[in-house]
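As structure tokens, the structure follows; a few thoughts come after it.
Chain lettering (A, B and C) follows the sequence in which the chains are written, and residue indices restart at 1 in each chain.
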Amino acid sequence: MLYRENGQFKTTYRADQQVFPIAQDRIAIGLLLAFAIVVVPLVAPEYLFRAILIPFLILALAALGLNILVGYCGQISLGTGAFMAVGAYAAYNFQVRIEGMPLIASLLLGGVCATAVGVLFGIPSLRIKGLYLAVATLAAQFFVDWAFLRVKWFTNESSSGSVSVAGLKVFGLSIESPVQKYLFCLAFLIVFGVIAKNLVRGHIGREWMAIRDMDVAAEVIGIRPVYAKLSAFAVSSFMVGVAGALWGFVHLGSWEPAAFSIDRSFQLLFMVIIGGLGSIMGSFFGAAFIVVLPIVLDNLPYWFDIPIDTALASHLTFMIFGSLIVFFLIVEPHGIARLWSTGKEKLRLWPFPH
Amino acid sequence: MGFLIETVISGLMTGMLYSLVALGFVLIFKASGVFNFAQGAMVLFAALAMARFAEWAPAHLGFDSKLLANLLGFVGAMLVMVAAAWLIERLVLGKLVNQEGITLLMATLGITYFLEGFGQTIFGNDIYNIDIGLPKDPVFLFESVFQGGVLVNKEDLYAALIAAAMVTLLSMFFQYTSTGRALRAVADDHQAAQSIGIPLNRIWVIVWSVAGFTALVAGIIWGSKLGVQFSLSLVALKALPVVILGGLTSVPGAIVGGLIIGVGEKVSEVYIGPSIGGGIEIWFGYVLVLFVLLVRPQGLFGEKIIDRV
Amino acid sequence: MNVLAEPLATAELAPKASRIGEVILEVKNISLAFGGVKALTDISFDVREHEVRAIIGPNGAGKSSLLNCINGVYTPQQGSITFRDRTFNHMNSRQVAEMGVARTFQSLALFKGMSVLDNIMTGRNLRMKTNLFQQAIRWGAAEREEIEQREAVERIIDFLEIQPYRKTPVGRLPYGLQKRVDLGRALAMEPSVLLLDEPMAGMNVEEKQDMCRFVLDVNDEFGTTIVLIEHDMGVVMDISDRVVVLDYGKKIGDGTPEQVRTNPDVISAYLGTGH
């Protein structure tokens, strides 16, 4: 009833091809953005920013990058943590070694370095497919883990093995308080979200999906698998690298290689799969789900006033997390994005059943 | 020279142990087309069960014999693994028939998290001991060829022999029995196998039980060496390159892969490691596999993938 | 020939035989083996511009493998392929596409995750020149290019009469419509040579008539050379100008439909020798 498209006829291809063709969707997105940019900074408690919103924004960016590689181009990668690490450490080195380096430049250059490493480790994907590729990407993960631990140059010869940044400023505005950090990350996410959506709607996006769906046929049409796969690795690693840099600089402040371990890679992969492969919205949904879930699970005992000792609580969290993953995969393997679009379909018909 | 031989032998035996864990992967993949990330968690779970049952049995049933305790522990652990296999089939695999590989992989990751949490909830999260009477003292071999002989760890030697025996058994099982044939059919195509009357659920319970058995044996051996603790589940991450190197579908491949990686890791750590910072064991196997895959994308013994249009 | 050009008025079309031009594609001594299995043995034939050339033969004769060699999907161990005046020992898929050869697939290699519109748009890929950065911004060059190519694709959709399905994911369409999308994707490449691998397989009579009509229209209106693998003898005899017959990877017949129909080797290959 509310969601009908009656009267919304498109008379040009430009109108037909827009991201949100239905007017109600455009209004909804506008409201959401307004809420995120204006309302949230005013009302949200500090804890919410630190524990949920900022991690969500940064990990959503990383999930977006990973979804492009895995969901749109079909190349499984278990080494995402490594690319985040490259982004973080590269940005750190640019920031610390070059006097007066602007923050955004460091972050973006971190992304560029991650792109270079990503393309390098993407070269195997030209020969290796499927599960074999997944395990090959672990080589990236473990090698990078080791490199940032053992090669002292990367950590600026830090004795403790960890690095830190402080006093972040952008165009003279400082990025210190939670609200400032939140808006900074939100800006990045919005920009990259738009870029990702544009790429995915364009002919490169179709090339990626063609390679994913049937690479032999794609070649016959004239698509070059080398260009398609490496561009997917490049774009994906850039976003993941910038996210890594943001994670280290803005969220953590100081970090060691363990922040980007294989657990991070799995976490991102969960986000992308549960959120929905091959869907921009899916990356956001997945990130939200995976960021919020452990917090909910951790706090459940307190909300229900059940005293549990911490070790048991953490074991239970593992169990519930694992079960939820399996449950989700059984019920909706295409992720929350599919649930969302099915819900919207039903909403268009509401209050009629069909 | 003697030292090199020692390193190589030590590597071979570690490699054998990796193969033991890798076998579990290969079994499940060969028979159900699922890449079971939870294998490591299964090793931990099985080892925990064994350790605790072997501890509880004499305490609750009031006897002293170590042998009997271990036996009961083994049987108990085996029952637990079969139950786990049955539950996994009912609750997870049965509902995900014919989904894409990555979905199944993710499901096994979910099972991993669950088993890790569950195992530690029931069996506790301290470090436990498994002692099945493997002699732990070293022995000197080849004393006539090398002065002073070559130092070999007896425990590792026994472990290697046990692993070799298991591999032979399993190879024969797959090749020569009708159940083995059915397992291979299921690995090829779930739906096709189902349509010719192969009972998928029963097959999967069998496979996961056998893999559980492999996990138990691996768990006992590793646990006897390292003690049973959470880090045991990380052994799976060490075994992954072995599985891929040998080819996902090859049982002998798991052995050869294990030996190559075991030796490679040890030798490179000793001879190359010190000059580039040490600790390269963590990635050596993976990088080696990466290079092999570039030349042979299906692993050393895996089946070649031909795309037909 | 330009798929986008207005179709010629029928009165202007010269009689079919005189429109057929010089040899545009020639296959010489192609041999292909997979391990011990010989798929093709010493195959040679030519295709003239603007004609409809059929390839027939029992199942397993190597017809699809032959197309795959022309397309660069398989590399023959021996032999060469000449397209216009350039000769190759093995074809590179992208080169072949750029030279103007498109094909459909027996097993419908459609991109299941995309809609009909997107599938056909992929056929325009060679013509889309904007780079990553332009596409990331979208506004400006990339948007203009998308709209331009969309217009071309919509003309193909009109031609194939699949307008109601343009936004449907192809996986949800019935088989006959999927085959049309496959054809549409090939047409989007504006090919001078179109390789069709059993375009009418699995269709009922009406669907076959529709497909025949499309194929003939493409050949008549746009002058596209058609190389067609087909099992339905009625179709082959009706619409083709010349026929090649394969059996067990060897060529056993080559000529007009009439000549091939009365060739004793061909008859025994299909019907078996009488005892």
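Operating definition for what follows: a contact is a pair of C-beta atoms (placed from the backbone, for glycine too) under 8 Å apart; a residue touches a chain by one contact, two chains touch by 3 or more.
All values reported here derive from a predicted model rather than from experimental measurement.
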Of all chains present, which has the mean Cα position farthest from that of chain B?
-> C
Could you name the chain whose CA centroid falls nearest to the centroid of all protein CA atoms?
-> A
Separation of mean Cα positions, chain B and chain A [Å, integer] = 33
Please compute the C-alpha centroid of chain B, do the same for chain C, then give the distance between them in whole Å.
-> 50
With chain centres taken as the means of their Cα atoms, state the distance from chain A to chain C in Å.
-> 42
Going by the touch rule set out above, which residues of chain A reach two or more other chains?
-> 216-217
Hunt down the residues of chain C that sit against at least two other chains at once, touch-wise.
-> 73, 105, 109
Of all residues in chain B, the ones touching two or more other chains | 309
As the complex stands, chain C meets chain A at residues 71-73, 93-94, 96-98, 102-103, 105, 109-114, 118, 121-126, 128, 130, 132, 135-138, 142-143, 145-147, 149-151, 154, 185, 189
Listed in rising order, the residues of chain B that touch chain A in the complex are 35, 91-92, 95-96, 99-103, 105-107, 109-118, 120-121, 125, 237, 240-241, 243-244, 248, 276-280, 282-283, 286-287, 289-290, 293-294, 297-299, 305, 307, 309
Interfacial residue positions of chain A with respect to chain C in the complex = 12-14, 17, 195, 198-199, 201-204, 206-207, 209-210, 212-214, 216-224, 231, 235, 278
Using the touch rule from the top, collect the residues of chain A that touch chain B in their complex.
-> 70, 76, 124, 127-132, 134-136, 138-139, 142-143, 145-146, 149-151, 215-217, 262, 266, 269-270, 273, 277, 311-312, 314-326, 329-330, 333
